[in-house]
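Look at the two complexes coming up: subunit A is in both, with subunit B in one and subunit C in the other.
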Partner chain A sequence: MTSKVMLGAGIVAALALATGCASQSSPPGGNNNGSHKVVEGGTLRLGSASSIDSMNPFVALNQDAYSTFEYIYPELVQYNAQLQFAPDFAKSWSTSSGGKVWTFKTQPGAKWSDGQPLTAKDAAWTFTTILDLAKTAAGNQAATLTNLKTAKATDDNTLVLTYSVPVANVLSNLQQLPILPEHVWSKYTANNGKALKNYANTPTDGQPVVSGGPFELVKFQKDQIALFKQNPDWYGPKPHIDGYGIQFFANDDAMVTALKNGQIDAVEALPATSVKTVRQAGLTVTQTPGEEFHDFIFNSNPKKPKNRELLDPKVREAFEYAINRQQIVKVSQLGAGQPGSSIVPPASGGGWFDKSLSPISYNPAKANQILDGLGYKKGSNGIRVANGHPMNYQLIFPTDGADQRSFEIIQNDLSAVGIKITPRNMDGSAAWNATIAPNGKYLNFDLSMWDWVPLVDPDFILSAMTCGSWNNWNDSGYCNHAYDRLYAAQAVATNPAKRHQIVDQMQQMLYRDKPYIVLDYLDIIDSWSKGWSGFVESPQGLYNALSKDSLVSAHRTS
Partner chain B sequence: MRIVRERPAATVGAVLLALFVLMAVFAQWLMPYDPHQQVGPVFGTPSTAHPLGLDDGGYDVLSLIIQGGRISMEVGFAATVVAIVLGGGVGILSGYFGGATDTVLMRITDYFLVIPDIPLMIIIAAVWGPSLGHIVLVIGMLLWTGTARVIRSQVKSVRERVYVQRARSLGASHTRIILRHVLPQVAPLLVANTVLTIAVAIFDETALAFLGLSDPTAITWGTMIEHAFDRTAVSAGAWWAVVPPGVAVSLVIMACSLLGQAIEDATNPRLRVAHLSIRGFRIRPVRPARAEA
Partner chain C sequence: MHGSVYLARKVGLAAGTVFVAITLNFILFRAAPGDAVSNLSRVPHASPQLKEALRHEFGLDQSKWAQYLLYLKELAHGNLGISFADQQPVSHDLATALGNTVPMVLLGTVIAILFGVFTGTVAAWRRGGITDQVNTNVAIAFYSFPTQWLGLMLLILFAGVLPTSGMTDEFAIDPSWWAHLQDVLKHMILPSATMALTLYGEYTLIARSAMLETLSEDYILTARAKGLSNARIVRRHAFRNALLPTTTMVALSLGYVVGGAILIETVFSWPGIGRAVYQAVLQRDYPMLQGAFLVLTLSVVVFNLIADLLYFKLDPRVTE
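Moving on to the complex of A and B:
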């Protein structure tokens, strides 16, 4: 299921993951070590039903890859357990010139795992290289440096970033960016980066990958195993474990069985259906609100020629009343989640979620009342007639992104109020093509379902609803110039209170216009065996790209 | 009927198959619950109310098996019709006309014969998109080769028989000869092949559905197994979500194989000769065995 979700969110989530990462930092010891004894040493065996598609940050898309970069490379900042920014390679930072210039003081005397000095110059080189190659080999990282003009190291421990305009989410962008060793990578960035994407960045001749994080990569076999050992040269606190490994499984069942049998110590994204048996086997299971949500999409392009009643917010409201979202959470997530309201999930932290928004509760009588009020009477077959045609719609169903059981519930719920929906099953890329058809004009489709995995900072998910994201991230055809103006305003609002206000306004706008019905927010379920503790959980699970804390503080208890 | 008497395995197969067909036909009246209505908790355990428990969506497994059998068998039968029409047609034309027609058709058949079925089905199903119609076509288009080969060789012998020669010399048209004289002779073989193909078609449908390439909204035995596997039924201990559809598929395939092989043995003259038949289970010694010296 995990891998399906990853692929399934398809183009959408994959890139969201690529650009998105977050992390948390709390003092070593984590949030769940309780009164357990800390035993030093040992190797932590993680299981994953997803994969690391590449160890090269200029190629990788998968979540597991970015979680791995978090542990083998320095990032300027990270998140703490409350999802606030905390120091990482940058010990402190300040901003001047109205938010256009950012100055970072980096860790003095740091070293790469091969003994070479790790300085602000490596950071400046990494950022400058990405800027230079933004249109070519470094395209997948470029979005995190939007509006950056120059990156300069004024001395070994000072990095100065100059932006062309004030940028509101500088820190959350930089948090996602691994800093690479110039002395290793510079030979691949020559010639406009021709060789950059072909570099595997895996251990060769028994030499580990030159790393600057708490761990170094010593072995990697794609879709099988990745092994890491402690990096003694790291600038941060010494981890309790000697190293860790990730074993990759082709399916959830195999992974859960391995966990139960003690072949692995911990997994994240445990399927909700396995919680009971894993608990019975005596393992620790934790549920944390996650970032992923499922959505029910209305084509919101005002120019759509057919079934125009679906543009009416009242009809959309009737849909929302008709759908039993508690039931969806109960069946598809076994209760590990909650009904949704805003496209900024509450779990993404930073207080960006607008608490004034709450999901409309299930009320088919109200739905019937609204539809009756609009004069859409039921025909002899029980299907309502709107503007002379039956309320019978096709729904684009991406088989690798949307949830089958949720769809079945929605189909039954809508049929109970006289609306028929029929799925058109296709894979993610076909679903995307059907959404923007014809020729990127969003004229053909009526309804669809999909999922998103947003980042901690709301900028990205908010951008997906702008006119400018048509044919890019926008999967609803929503285009509202007032919304777009707010989006532009929040991007340069360096005052957090001001930005919060704008972001709330945008969420309310979407809640009112309903391009999406946000169906549910999914919890992320972690599990580890007896004898382990100290993990720092997050909306991305215990092995995440948000901070280096989880595996630094993880430890044996016996 | 003689077949049934001589081969008890055929009786077993015929009865089993008949039971499944009846189950599919009367599905509406046999299902204890609506298979599209969630009637209890996810992976609810078997009980008197739900003898086979509930699946990962809270649907009654027994009702799903009955409804799934209906669609699985519809797909299997429809794919078989495609395969038999194609295979029978190619076999008869190729065997009857011989010469260039035979060469061309048989080379095409050879191509299809050497294509590994399942990988090609996976590719086509993935390219065309998940739908039951596509599954029927894909399976049908890949299962006709065996039938074509068997029918062709039989037609080749029928066409040389004296009464066919006479009909031809009396001026009967090709169509008439094929329909009146050739087809009746190869019909039993076609029937046997049909029953055997059904087994393969149902198996293939299940396999494709399990791989997520069938229509995920249709209830078939394959999608039942897929859903269960997707939601970790095995490690969750919900064996009732996996085992019943698996057993149902096995039973239908077994029934078809038993019946099909019995009909084939009884009607295919080549198979009736024991010295080459692996299905006869009788080895006739070349000479009576005699102790040394």
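Moving on to the complex of A and C:
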């Protein structure tokens, strides 16, 4: 993430619940240099330039919040270091009835941190509550249980989920869903769950939050600290550390200074600008391909009344030839990334990225040739004229999502081929309103820049380009019914090979129509001090919502 | 004009200002493009179901007029509402943030006032001399430094010596109250010093010019003619009169204490009201914004009222 306080990288404000994949070089079981001896105990002090908006899973949207839920709550499955599904609370699972019924065998004899039994019934209660309150208090979890009809615990260790249609990404959805202790939360569900969201879920009267994961939350002060100690009742392998804490910083410089001075032991999402100084200070720095990408957006609504030449795929191709993406990676990301091509990033697990798609190489001569070929001649001021008007466009620039240096590079590159762009700087909320204006019809804007942090499974990011996502996730006004049909088909394609084929087709369609020019994929940079090891890297960094492995295997070294 | 009429007029004006501010707070944030729900447009968990539920829950599906009436009604009952962002009572979130901000900013402001008035008075007293020149130039230099730059310089200089982020040692569990107090004070040094350094120059310049003006009055000449010492003239005859313009400045500064110091809070990761308001603006968290601006308005109005009343005491001619 670009490290901007809470409104980190591009996902507007605070919100990147991404899920990543494909770690670069981490062996399963952690990043252990081999020569070190594991020292048990100690508290890991993490620094974060983001924040936890809420400890309540029905309220939270931030990445750090979901990474925290990963460690304090059971989830049915998790990802291993290769981003394949691995057991968590579910020891095993099977499907029947053509993929409509999923049966999970859960950990026997498990306990919550207050000693109460942790069973499949807690999972059934959590899922049923979300289904019941999907339109009210549990709205933020509802999408993860799409098409689920019922969740039943047939005994203490068996959970049966019945879907109305076969769902292709059941496991990746369930991987994001914390299972809550029914005996703590059930009293808040009355009255359409009104009290469910007001429950802060923070330690009170010196009592930690009831946990079912490897750690329990003992202290939480918003924008300051979240402190955890080991949960001795956890069903999984015992962590090496006694506990960990995340200190929240309002700016990167203070965080990096604290790391160098030994006030904290590790940071997630180190800004690329700090890599050199941190390395010089003798700390470990890792760079892993991440999920986040920046994009250059064309308004793709065919009904858009003005500057309609921007709908022409040839014009878009000229833009793409004109933009020097290597330079963007080099200057904006200081080399910590690579030029982009598809909205499904290569860091995705499961090989969802279509390898046949590669970024178009920088070639301004070709861009000029295309634009000349279309008859868009340069005027006396150097700006081309298309259909009687100058190729002079405003670009929506969300200050908390897009990258300023990338914009400057693009502005210069386009100017060199006779296209002028001017930024309209706005915060995320205002930028979104300007994008869908007027009244959700996507008629006014020409261009914009933004970013995404997709999930491991491609379903979410692919859905952002559907007609059905207008006014929700769709920020380009792209609406292609053939694409939508493919989207619907992949959602129920329980045969992975078939789903891969459809997902590839969708990526090719977007590559051809170009609602986006994917500018760059960003690396995730983490750092920790000497004396620590064992972290499991991921496209979401060392503190992630993908697996409990990283902090379970993290340890001090001698 | 009678003293009580003066008082009643000032209090009435203050009350009117507060009401206008309450209404403006409501209109202002809603006039900005975007709202608390559209802000969630780019998060995987922000499903259409969630947005619909939130719009209803936040009352954003009602007319603006209905929302305004509801807001006034709740306010009349002393209820600031529930924060859109974390679903906790605004009064709770505000109290926490204010509790963090006020000691740090107040300490910095008070040091700035005392130091500024002192250096300003000394400069005026030694007008034209080396003391005056050094004092004035240093004050101007600090006055013109950008706050965040000065903060970052202090952070880099004192990293490793003094705490540079947060307001406590975050990893300590249940420290004793004494250890906690020491810890907070230590963390407060750099942010409060930044605050004091950026503010004091202004006071130096104002106190100096006020003092110079007073020192040129006829009655000061009379005092000199009577053979009084310089120190006595400044202390007994000039200081109180020279305080008048400074009082306004002080009242204004204290009024803004609750507004926090967003740049300082950001540099030193101080979890105060400035950061809270900034986040609330980005999230279009209307209840939080309304609550924060209400408190800010109230404090500015109240401190101005106090300044007016102090004027009345310092210089009874204001009622004439």
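Assorted remarks:
The definition used in the following text is that the second predicted complex is superposed on the first by the 529 of 558 C-alpha atoms of A that agree within 3 Å, B and C clash if a C-alpha of one lies under 4 Å from a C-alpha of the other, contacts with A are read in each partner's own complex, and residues count from 1 in each chain.
In this text, contacts are C-beta pairs under 8 Å (C-beta built on N, C-alpha and C of every residue); 3 or more make two chains touch, one makes a residue touch a chain.
What you are looking at is a predicted structure, and each value in this text was computed from that prediction instead of being measured.
In the superposition on chain A, A:425 contacts subunit B only, with no contact to subunit C.
When the two complexes are superposed, the chain touching more residues of subunit A, out of subunit B and subunit C, is C.
Of the two partner chains placed by the overlay, only subunit C lies in contact with A:433; subunit B stays clear of it.
In the superposition on chain A, A:274 makes contact with subunit B only, while subunit C stays out of contact range. Looking at the shared chain after the overlay, A:219 reaches subunit C, while subunit B stays out of its contact range.
Within the superposed three-chain model, A:443 lies out of touch with both subunit B and subunit C [touch as defined at top]. Judged by the touch definition given at the top, the superposed model places A:251 against both subunit B and subunit C.
After overlaying the two complexes on the shared chain, residue contacts for A:475 are found with subunit C alone; subunit B is out of touch. In the superposition on chain A, contact of A:489 is made with neither subunit B nor subunit C. Contacts of A:416 after superposition on the shared chain: neither subunit B nor subunit C is touched. Of the residues of subunit A, those at positions 251, 253, 257, 260, 426-427, 430 touch subunit B in one of the two structures and subunit C in the other.
Note for the complex: subunit A touches subunit C at residues 5-7, 10-19, 43, 45, 53-54, 56, 59, 61, 134-137, 139-143, 197-198, 200, 206, 218-219, 221-225, 227, 245, 247-251, 253-255, 257-258, 260-261, 263, 400-401, 426-434, 450, 452, 455, 460, 472-473, 475. Per the touch definition, subunit B reaches subunit A in the complex via residues 36-38, 42-43, 56-58, 126, 129-131, 212, 215-217, 227, 229-238.
On the side of subunit C, the complex with subunit A involves touching residues 32-35, 38-54, 57, 82, 85-88, 96, 152, 155-156, 159-160, 163-168, 170-171, 173-174, 265-271, 275-276, 279, 281-284. Against subunit B, the residues of subunit A that register as touching in their complex are 1, 4, 251-253, 256-257, 260, 271, 273-274, 276-277, 327, 330-331, 334, 397, 399, 404-405, 407-409, 412, 423, 425-427, 430.
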